[in-house]
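Down below are the structures I want you to see.
Same chain, two partners: subunit A is paired with subunit B first, then with subunit C.
Up next, the complex of A and B:
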């Protein structure tokens, strides 16, 4: 019922853009193309990253893990226009849940991810329900409050579960489907693929999440998110239940955070307490904004830039000690001058060279 | 120890714990209430105050960071604590004015989200610049000699003199700001601007300068909080972000723009924390204040003393 108006808008958009340009656009936006780009990107990334940019495969894996987190966060911040400062709760919560599950129930990677994500979604349901009563800064502060609550809970009262300050160290991951050891190396022709087993596993999950995000954002449901960001009261007047959509955007972003957090626990075999601290929420905010809010690939790009500065630039001779400072400077410049982030800037240049369409 | 003295000790300690929150929250609250500006860099001003206090009070031996690499191993003026207490608010007042003009002003018309992002970024820059220059070690800001040691109070017994000093300084400053806002012409303009800035401008009153002063006062309070709070804990580059979250909680629990609200909320949080620590629930003291905050915000979203009108 409430989806009808947006369907109409989408239909109007398509008919407006009919013709060659429209068809090109449609192909660009089609799911197959997005998945194709994602697959090629995931396969090429370690080659470029390791050989030209001084990276290494473990870091490339970490980039994808954080990229999934930022991608989900963008659905909330970029598409729905809600700034949460408490997503560390879902990311770290999922990481802890995944770790504890792997240690005490089953180490099967797929089950571990499912369990971690489930916990993140449940937490988001409750916390979104409570925090979304207020907009703007109240939402930011309420999410921050719940996030910090979880951090201090895990640091001592729940230390029997989380191992407190030392972080959760007993993550134990079984081989995938009982055959493939994620931390081992690939045999046979598969060894030709770039990266290592873990990277390819994380890469496959990344492609799936990109496809999922793309499908959500291009569905009538996702278009409502954008409508809310553009003008909340207008969306309300059209008859949409804005609050329900906001809650769903919150939960969806936590779903991605959950997948990412579980992967993080699998990747590092360890969950640090700092994964729940509010600076983790701050990091994903920076990644998303840096890369470009409101775009599909921007946040992944932002995660790559962030981690590149954190791990590679920090090891450089002169600028090394200043890496965090550099990151802060770049971030502020982006917020002030390029609200669409680095990816938005690149897109603008591409459109300019290709002749502006509109 | 009698029950009465126990209760009084908890209250007094709570007062002291809450005092720092109050100092930060009052500044944050008047800036948020009057200028409608969300300052995530308020913790960085606290950090600035603490380090300025440190370097004005003593000479510090530096071992890490860029400064020692550049040959500067001792840094600081060594003028004593009283000098710090006088100079720091002046410096942070000026910093606040500069921030209003160059950071806040261009962002008044942009969404809350952008304000949060840019001030958050600035806080990161300041904190990390500091860390790069002097390293991340914890320093200790010594208590002033004239206020160290215990003082004998009736009923309670011995109580650290400096902790009492923190309470007194906070009370005086808050009273000063309260009087300024409630009983002067300047305060009248600020309050009118809070209610309806357009109407005030139409009446021919410029709001630019009162806004500058409000931001400056908020920043100065955060700076003083850094100086008086410094001797109570270690001083390191993380203390700013650590204080920011409770300070924001204090503001929203008390009600945005309400000085009385900030005081009430700060004392409530401080007392709860001390109560939990002294009754054997130390592990829960941090969790406790967040639970209290969450409950209050859910039951009374506008804050304890906030009016429904302030809520957008």
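Up next, the complex of A and C:
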């Protein structure tokens, strides 16, 4: 279409320039709102969880760690429509990388996270390059295969690095910026905050990753990912390099898995071999679907419900031994009633109430 | 200027030659229709030109450069857009988002490393998308979910997506298939308008002869993979070979 300067387009351009400030403000407003919700959520979560739901701070921390993993996984599964069964590779891989880095290079938490994440991204680049050649079930199986190969490698051939079956026990985390011991307690007025030092550190990272995910989903990538999910061949025929965008979706999801895996190593001071096992890949799929694919906050709720059943319900009298069954039932009920997961259910109820008022 | 040119384009599937040494050229601003009985090789020809299929022999030039070896999305980036036989849209997205995807691809090329920039930082993309929706008459419905449009409007949106790429040439594969007579009429009007307005070059594959004779400058007739006739609608209509092969000898 030629850009003939017709009156209509000129007028439109003028009004656009005038509206640009407003537009930028609107972006900042909406992003601030998301960050605000995330901050409030992170601060309120341990209060509700510990006081009303029999939870404890360590588990709340674990919920956020897994929540970050599921949040990134949703960019791949919910937005781009690609089901990977091998994300344990990036999560566990980052955890091992972070652990080994902390033991032999530096225990600085920020550097540890950066290194673990970098390794996850590099691994995703290679694995994505190889696996994305095939779609659908073949992609799922290829990623699963690569994940299991990594599990095998760390169990024996690479045991000199990973400590094999025993897991990596030499994680050594230094105080944050040299002053704040993450596994210690906070002094002064900061002690008023809910949770503990480690929880607040993980919470801060969580808020940052939510802001990052929100920005990515509102960038051109967000809409391109959805286009690929909706109609891949059409996306190709509007001139998009579908393959490279899919690879980016894969790498971005691994970036979040990397942040999460590194935090997991910091949180537990230990990396179990099971972090690379295929069940880890399955857990993140269940958390994401349970919470709600294609939503920003949904996967965090999925992680919370999953871990709550695994750690709290499993310790209850009578029903405790049946927690796997309960998890399965919850999953089935949620998915049947709300195909868009817990988050989809929340929005459906909100719309229903809102609709009645109108 | 020649927009599309094929030289000895051939595609064989095993023993079957679906497209047999086709030489075709389309000039800028020309509206050409490709017709022929079922199995004549029309779809194969389109798939070769859009690079979905690899030719067995021959060359395809687009804007006077060979496009052999390019990926489909690269051909689109060179300015060849395609509207599909079925309403190939992004069903769960809004009408405007459908157009934005196409405008993004046109404005930004096939790939950019901009996942940290907010979409609102690109007002140009929204402007192009809205212009396209205006021109296909869907601007009022831009906030509707695409799958909720009626069939005729879905096809209009499909054509809009193809136009948002600001193509030098538009390939249309039976754009009125499955439409009601009214929808067909409005789509034909739309194609005429767009051709007039944008000086659009198009290659149309269509079964409905009324439409073909109505909107084509030139018609190419394919039978068993070969071009058996071409010319203005009137010339083709009178060609005995065409009547034989395609119209089934409709004369008494």
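The rule we apply is simple: the second predicted complex is superposed on the first by the 320 of 358 C-alpha atoms of A that agree within 3 Å, B and C clash if a C-alpha of one lies under 4 Å from a C-alpha of the other, contacts with A are read in each partner's own complex, and residues count from 1 in each chain.
What we mean here is this: a residue touches a chain if its C-beta (ideal position, glycine included) is under 8 Å from a C-beta of that chain, and two chains touch if they have at least 3 such contacts.
Keep in mind that this is a model prediction, so the values were computed, not measured.
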What is the contact status of A:336 with respect to subunit B (first) and subunit C (second): first, second, both, or neither?
first
Going by the contact rule set out at the top, does A:226 touch subunit B (first), subunit C (second), both, or neither?
second
Is A:215 contacted by the first partner subunit B, the second partner subunit C, both or neither?
second
In the overlaid three-chain picture, which partner chain does A:134 touch, first (subunit B) or second (subunit C), both, or neither?
first
First (subunit B), second (subunit C), both or neither: which does A:234 touch?
second
Touched partner set for A:172, first subunit B, second subunit C, both or neither
neither
With the two complexes superposed on chain A, say which partner A:244 touches: subunit B (first), subunit C (second), both, or neither.
second
Considering only the defined contacts, which subunit B positions touch subunit A in the complex?
32, 38, 65-66, 106, 111-114, 116-118, 120-122, 124-125, 128-129, 131-132, 241, 245, 248-249, 252, 283-284, 286-287, 290-291, 293-294, 297-298, 301, 311-312
Can you name the residues of subunit A that touch subunit C in the complex?
1-2, 9, 12-13, 16, 20, 23-24, 26-27, 31, 215-216, 218-224, 226-227, 230-231, 233-242, 244-245, 248, 252
Parts of subunit A lying in touch with subunit B, wherever the complex brings them together:
77, 81, 83, 85, 130, 133-138, 140-142, 144-146, 148-149, 152-153, 155-157, 278-279, 282, 285-286, 289, 321-322, 324-325, 327-329, 331-332, 335-336, 339
Mind pulling up the subunit C residues that touch subunit A in the complex?
50, 71-74, 76-77, 81-82, 84, 88-93, 97, 100-102, 104-106, 108-112, 114-120, 122-123, 125, 127-128, 131, 161-166, 198
